[in-house]
Amino acid sequence: MSMLHIVNKSPFERNALESCLGYALAGDSILLIEDAVVGVVAGNRFAGLLTAALADRHICVLREDLVARGIPDERVLEGIRLVDYAGFVELTVENDRTQSWL
Amino acid sequence: MSMLHIVNKSPFERNALESCLGYALAGDSILLIEDAVVGVVAGNRFAGLLTAALADRHICVLREDLVARGIPDERVLEGIRLVDYAGFVELTVENDRTQSWL
Amino acid sequence: MKYTILVNEGPYQHQSADTALQFARAALAQGHEIFRVFFYHDGVNNGTRLAVPPKDDRMLQKEWSELAAQHGVDLVICIAAAQRRGLMDADEARRQGLDADNIAPGFRISGLGQLIEGGIESDRLLVFGD
Amino acid sequence: MKYTILVNEGPYQHQSADTALQFARAALAQGHEIFRVFFYHDGVNNGTRLAVPPKDDRMLQKEWSELAAQHGVDLVICIAAAQRRGLMDADEARRQGLDADNIAPGFRISGLGQLIEGGIESDRLLVFGD
Amino acid sequence: MSQTKQFMYVNRKAPYGTVYALESLEVVLIAAAFEQDVSLAFIDDGVYQIVRGQSPKALGMKNFSATYNALGDYDVRKLYVERESLEARGLSADDLMPIVYEDEDDDYAEKPSVQLVSRAEMAAIMAGQDVVLSF
Amino acid sequence: MSQTKQFMYVNRKAPYGTVYALESLEVVLIAAAFEQDVSLAFIDDGVYQIVRGQSPKALGMKNFSATYNALGDYDVRKLYVERESLEARGLSADDLMPIVYEDEDDDYAEKPSVQLVSRAEMAAIMAGQDVVLSF
């Protein structure tokens, strides 16, 4: 039984990602979409937090939203998986439940 | 020449208050309205930041928004001035310009 | 899988409606079923037929109508949220004594129970908002 | 003092429209002038006449119309933002080939230049948004 | 619709600044009629939704906070509040409304609907839900 | 309307997730016709508005980032970017679009419109404005 957590706001602007990481359990998946994708750039202020979370949780990012904002694949923090909308759908199938951190 | 900075979002949720405090100059005024008023409760996580800012800036809070959210006057951090909508208007007169931190 | 999708924001101002649409299309493409899309809060504003966006931009309201026409997706606008914000179908406008309505084809106005039913009947309920 | 007020969010979803209205009333009560209220982004949704909020709640759209009627405040809705979101006056609806309009009394639809003019002509420009 | 599912409503925003708190409560009231297992979570600024002494009259807004008190009558009896969120905000349990329900299995004794839990406990409760709605 | 005022447009939000970046740019383009002194500030996530390589086509959205390049033709030549905001996001000046204008007083030489400034410098620039518009 695992949960897909969906975060759609920039961690620089809002507390949603930090709250989510405080709740996501080992084995859960976290998907960053919309403005949240700016959080995954290697070397940014949230790199340490995300790296720590990757120890026991899956972190994914929606590639269409990365591309829109001019963030190339190679700038994404190591360990974060890129998915497209089809992959987004698959994540909702693989996990038993979803929770959006609005 | 002074600026009235208006912040309307909770500092627990968004970075607007922290950004604003990084820009407000000595002598400027900062008015907290709407959900931002939850930031002024004594003993909360932002009390230190606000106390430091009070050294050379004026911080005001809109009383109608405090009352709506059940925050009594006596819980407001020392040094922060309570104003009503009339006082809000006066602040826009006393300061030469306004800037909303949306 | 059977999905219900909740859309809490209006078109353009936030990306929520775009993301919900893209997700719905991707799910349908994989053979999943969209049981219902429920529009709540400002999400009700997705259901207007009076929008005329610039020619070089997408027209979200129409894309929803097309999704309903092509895939039979049930698009439900919350009546309470719609009344606050001025989204009306012809029946409701008449009942309220209003002189116009503005709902787009493929949308219907109903109660919050339709959202709960979606949560009960679907395998997954996804929320898109601000 | 002469004020222009910019409203960037629709009614109810965010408090911005409420705050803008209360500020405008307080300024008028002190003898100041409201040169213009400009509605941009989702703020255009303040200008619908089709809203019917619950009887025990405020009706923001009507309060704006009353402010215009009682104090002659100029309420301007941005045309580009309105077209994206489905806010129409009778002229614009006709021009676009639409079968209905939904603008409330006291509001008028015009261009972004009205906002800039407000900034130039007024002593203060206040922004209310999300 | 014979299954019973666990529905959780997650509230993370302060009331009045946005409509989410009010319209979330409207969903909960309707949901109660569907005889599902309903619980509410108040975390982050959501804790302000059930703070006592709310009075939005001067804003021209409806004071809907009393409705939380009526949730017991709708069989909504599980209101979880995160302790860490209260503490960060300089609040304590005494600042919350005394929301209760009548326990029909215990001679209709009034019992508290609000339970303070740690973040870890809240995470475990969330993990047991079938449907999580956030506004 | 004979006065010239200093108008500053403050951009603090990423593009595409919300409409503010696009509709803010639409205001700037109109404002240019009023012959005021216009400048733009990019701070916090606003720096993403002028990052190079934006491509929202798969989202079905219009790529309006090229319009920033045209601002020079509208006599909008002052785009201030806060260095601290870039650094916190793992970005540098190389990640920004090379936005330029033609200087008619210098044989139409192309000159950069973007200026990196520290937070303290940005605060000083803001303090000198007559009208500050934020979206």
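When the chains are written out, they are named A, B, C, D, E and F in that same order, and each has its own residue count from 1.
Assume a contact is a pair of C-beta atoms (placed from the backbone, for glycine too) under 8 Å apart; a residue touches a chain by one contact, two chains touch by 3 or more.
Predicted model only: the values in this text are computed from it and were never measured.
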| item | value |
| --- | --- |
| Contact-richer chain pair [A-C vs A-E] | A-C |
| Chain C-chain F separation of Cα centroids, rounded to whole Å | 35 |
| Whole-Å gap between the CA centroids of chain E and chain F | 43 |
| Overlap residues in chain A, where contacts from two or more other chains coincide | 8-9, 12-13, 15, 34-35, 64, 97-98, 100, 102 |
| Chain E residues counted as touching two or more neighbouring chains | 12, 16-19, 44, 59, 61, 131, 134-135 |
| Multi-chain contact sites of chain C, meaning residues that touch two or more partners | 8, 12-13, 15, 22, 41, 57, 80, 125, 127, 129-130 |
| Pairs of chains found to touch, sorted by chain label | A-B, A-C, A-E, A-F, B-D, B-E, B-F, C-D, C-E, C-F, D-E, D-F |
| Chain A-touching residues of chain B, taken from the complex the two chains share | 12-15 |
| Touching residues on chain B, where the partner in the complex is chain F | 1, 3, 15, 19, 22-25, 97-102 |
| Chain D residues within the chain C interface of the complex | 10-13, 41-42, 45, 48-54, 57, 61, 80, 83-88, 93, 96, 98, 100-102, 130 |
| Of chain F, residues touching chain D in the complex | 1, 3, 5, 7, 19-20, 23, 26-27, 30-31, 33-34, 36, 131, 133-135 |
| Complex interface listing, chain C residues touching chain E | 6, 8, 40-41, 80-81, 111-113, 115-117, 119-121, 125, 127, 129 |
